[in-house]
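In the two complexes that follow, subunit A is the common piece, with subunit B as its partner first and subunit C second.
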Partner chain A sequence: MAAEAKLRTCSVTGLQVHLPAQKLIMTNAVTAVVFLLIGTVMAILIALTRWPAVHLLNQEFFYRFVTAHGLNMLIFWIIFFEIAGLYFGATILLNARLAKPRVAWACFVLMLLGAALADIMVFTGNADVMFTSYPPLQAHPLYYLGILIFAVGALLACLLFFATLVLAKQEGKYDGALPLVTFGLACAAIIAVWSLAHGALTYVPALLWSVGLMKNIDPAMYRLTYWGIGHGAQQINLVAMIAIWYLLGTLTVGSKVPSQKLSRIAFFLYLPFINLGAIHHLLVDPGLHSPFRIFNTSYAMYLAVVGSMIHAFSIPAGVEIAQRAKGFTTGLFQWLRKAPWGTPGFSSLALSFVIFGFIGGTTGVIQGSEQLNMLAHNTLRIPGHFHTTVVAGTTLAFMGIAYYIIQLVGQRKLIWEKLAKFQPYIFSIGVVIMAVGMLSAGSMGVPRRHWDVTFADANLPVSLGERIYGALGMVGIGGIIAFVGALIFILLAVGSLLKGEKIA
Partner chain B sequence: MSISAPERIWWRPLAKEEKIWVIVALCWAIFMFIFMIAWHGAGRQNNPSTTYRITPAVFAQEANDFIAKYKVGEDKGRAIVAPPAGGDAYLISRLWSFDPILVLKKGERYRLHLSSLDLQHGLSIQPMNLNLQILPGYDFVVNITPTEAGEFSLICNEYCGIGHHKMVGKIIVKE
Partner chain C sequence: MDEEKKSGKMKAPGTLVLVFIFLAWFAALYFLNWSVLSRLWSIG
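Coming up: the complex of A and B.
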């Protein structure tokens, strides 16, 4: 059969790799890294502008680059990488073939075209509207069109992922339940469909409005549907990251999940409940009443948070069980001390898990409670929260798995393995310093997306106090360290794929 | 292993540690949920939830009438307005200022009307760091009682174009 001829057997894992899927995984992942590079360059320029001692960019470029940073990082880098992850979970982990590689290529082309169009609009100054593009602030129609084209591509890719699962079942590649990682990725894909539908509800009217076919957009309604995609997309990241955590646990120490039942319930809890939390962006908006705010911002009585708490138990427990089975049984923590801290896959897992859980998740739940949100809304506390979730959490976990993808799917050895050992530490230390700086500055009133917090040009004197400068210095210094960490990753990834020794 | 299909029967009962963990997490979740509701009774600061639809033109008219009626002075061209204690007060948000400068009395309650005449803005009252979203087309009514005297800065914390960083205002609270 033709389909059989397109398979190779992985020499490390013994898994069957469908070659067209392999090519798609690598193409999507490499494209993701290119967007990561764009976002990273923007990141350092922004961080150095928010550090008042440097104040690098002029205001026009600052706001333009903040828009570009959000778009390239939160959407393009992460979703391209997630699509690679979905293809990986549906094919390699199931020993299966990808349902329609040609459709997958069409998805890729759509996503790339959409991303390029939106980026061109942003960098040519036609969309200085921030990642949120809140109306009545208006961008060029092609900006909204670009995002819509990208979203259609991503939506089709999710549907292709489901089709591949069905095909694998029909071909008898798995029987009964999916592997946990694929199950988690399937949950992420379901949330992606939900979020992308909100993307359509948001950007189709915005496009019609920008070309003059719709007279008016209600700003409150826009915010409601926008955050369906704006935060929904972050929930895709959360769920995909947790699936990757389980995968990294297995690949690095052979982690054994204590209860498949509990972990699966935890993933399931995200489906009905996690997206309710998107309403925390609207807690201080006009037009909503308290019962609506409370029910939604608590993810229906924090049931989605209970899901996260279950993963917080199961993932380290899985590592502990595996390590103890290897004989590391002395005392309470020998299993942890003897963990492979020099393997970038493991250190990424551990750091991403700890930073996400202890800083990212907690700040999220705190700032998302109805009343406390008044103290955090639109201050630098918000970026402080999400840089520990989506950067030190999701991005770091994706970097960790990328080291495996380069070797197992890309079939190349890492160049500079020693540097790879340090990369997760450098990156996460930088992000933590930066995020703590942001959280403290924000709690002193420093707004997010703001070019000059000294208010030198304002016609009334405003001072947020002297202490903000220490916190903003942390943002700058942490930003530089994180920038170095990200750059090392990009160099390692691209360098290994181009120059790394081939693995047969 | 999380990358291979689970063994046939993967829905075994949970171990004791897992059960305890889940129950503790669940109880904490319910506690936090109830506390968020209880704070409406116990706490003195809650998110305002009175809103009216209004057009920017009508809001501008009402606010300008208010300013003309209660104006007590000027600071660099900005009106200084002292609304009656217990009454309505208006704050206009527009590119790029908050107007007028309000003079309030400590311990008195005001119905503060917030709306924008153009883009979305963010009202951030410093140094107590209270932040509210302001949308055009919506008259957001905040019941506010100043508890300390002094001068408070207003800064915009929703991006509103190139002069965003210049958008400030002031509230003066007198004893």
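Coming up: the complex of A and C.
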């Protein structure tokens, strides 16, 4: 069949949609949502265990589910969705076709196989090593193999994204620079290649060690390369999320970015600098000397922060310019009051932007400073930070764009549109309560990834003070609200694809 | 869009205010953390 015959024209946007790419986008996105469901169920069980009044799980299941939660949320949900985003950005946004759909299906199979293998190992108790799997903790070899297979699939998908951009250029689908959103996604894909290379450096030795082919593994070296993938993966999320923010701004209010060139520079700043910030995980590591730690977590990281500051201005400014052009010019904030707050795409954009910036971004920079890190290291402040970046930020932005993908790519109308209007608010309120609880408890010294901070079974009494119970109660209550918000999203997404009215 | 840029109409005063609110919040949190650190690890 000729390439042209595999295209359809979207009745809403007028964009050309490559049908094989459409199938791949939907398959990757739906698979992502399945892993989101697994991670969400783990999340509520963990939150109800960290709430001392409930303390739901026993210690064995707690640590097992913390491992599963990290893996399914931080890696499988987000990377499957990002691959869907890469195919979307390289094909639909460029009116182009996907370079090699069969290779893309092979990537999907590899990723699914790897993710399933790693999950099976975790849930059968063969990998109670937490998300970081720091040696000397050792998992079953199939756990490391599963992650490696997943990483190979994801890496090939990123390379296919680049191949599709080259093909689109050859076929004259764009002149000059890439559109801003696709440019942002390309930056995310470059960081992904960098991160996945660190994944190989980390997990190949770990696999060899687990099967006995390597006698010893250097824990310090493991930690260094691990955070290349461990935090690098979160930088992929960050950059992809910002690209999605620009896209949501365009889709919801017709956002007009003040300076495309400046926004591109901001994306570019992430490439050399943002991953250096990953060293903040090693700020108390005795194996690294101070100048190395200080350089990587301050001077270098701040250049990436400059990029974030540019986006922090450009994205709302783009919305304001578009709104003012529509006539909302009274005072300083009429454009904001008259914004489409009932559209889930816009509320997802606004809420994820504000929560990410005001809580996630600020706590990240503060906790990433060497001296201030001493206040927060290994306390519940750290999960408090990253639940406002990866959950309220990335996940909420992805939920917002998913509402459009369902309609524009899945060709289905949303079921229960009224419920969809409230979903971003419910989810955000829950995550904020939970994260503020974590940040507060962590500030009072409550450790992260800990089954029982009351130390009920300890021979010597240990007390972190009465106030921690209020903060940990917030973690539990916020967790329940966020769980409800996430379940509503999953219900809406799956329900719309199965039962939603078909759009021609 | 280019005409708007040339004529200087692409203004976002509301965003500018929001950005300064954000910077004030960031600065306050930053100094609060240094203050807590200095009290926990006092010198002398």
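Heads up, the rule we're going with is that the second predicted complex is superposed on the first by the 501 of 504 C-alpha atoms of A that agree within 3 Å, B and C clash if a C-alpha of one lies under 4 Å from a C-alpha of the other, contacts with A are read in each partner's own complex, and residues count from 1 in each chain.
Methods note: a contact is a pair of C-beta atoms (placed from the backbone, for glycine too) under 8 Å apart; a residue touches a chain by one contact, two chains touch by 3 or more.
Worth saying up front: this structure is predicted, and the values here are computed from it rather than measured.
> Could you say whether A:Leu375 touches subunit B, subunit C, both of them, or neither, answering first, second, both or neither?
both
> Given the touch rule stated above, what does A:Phe358 touch, subunit B (first), subunit C (second), both, or neither?
second
> Based on the superposed arrangement, let me know which partner A:Val152 touches: subunit B (first), subunit C (second), both, or neither?
Neither partner.
> Which holds for A:Pro316: it touches subunit B only (first), subunit C only (second), both, or neither?
So A:Pro316 only meets subunit C here.
> Of the two partner chains, subunit B (first) and subunit C (second), which one does A:Leu7 touch, if any: first, second, both, or neither?
Neither partner.
> Which partner does A:Trp335 reach: the first (subunit B), the second (subunit C), both, or neither?
In the superposition, A:Trp335 touches subunit C alone.
> Check whether A:Ala200 is in contact with subunit B, with subunit C, with both or with neither, and answer first, second, both or neither.
After superposing on A, A:Ala200 lies clear of both subunit B and subunit C.
> With both complexes overlaid on chain A, does A:Lys256 touch subunit B (first), subunit C (second), both or neither?
both
> Give the label of whichever partner, subunit B or subunit C, reaches more residues of subunit A.
Greater contact footprint in residues on subunit A: B.
> Applying the touch criterion given at the start, work out whether A:Ala116 contacts subunit B, subunit C, both or neither, answering first, second, both or neither.
neither
> Let me check the overlay on chain A: which residues of subunit A are in contact with subunit B and also with subunit C?
Touching subunit B in the first complex and subunit C in the second, residues 256, 258, 313, 365, 371, 374-375, 443 of subunit A appear in both lists.
> If you look only at subunit A, which of its residues touch subunit C in the complex?
256, 258, 312-313, 316-317, 320-321, 324, 332-333, 335-336, 357-358, 362-363, 365-366, 371-372, 374-375, 443
> In the complex of these two chains, what residues of subunit A are touching subunit B?
Listed in rising order, the residues are 59-60, 63, 93, 128, 130, 134-137, 174-181, 218-220, 223, 246-247, 249-251, 254-264, 282-290, 293-294, 298, 301-303, 305-306, 309-310, 313, 318, 365, 369-371, 373-379, 443-445, 447-453, 455, 457-460, 462-465.
> Mind pulling up the subunit B residues that touch subunit A in the complex?
Its residues touching subunit A are 1-6, 8, 10-12, 14-15, 18, 21-22, 25-26, 28-30, 32-33, 36-37, 39-40, 43, 45-49, 51, 75-76, 78, 97, 114, 118-120, 122, 124, 126-127, 129-140, 153, 155-162, 164-170.
> Okay, in this complex, where on subunit C does subunit A touch?
The touching residues are 1, 10-15, 17-19, 22, 25-26, 29-30, 33-34, 36-37, 40-41.
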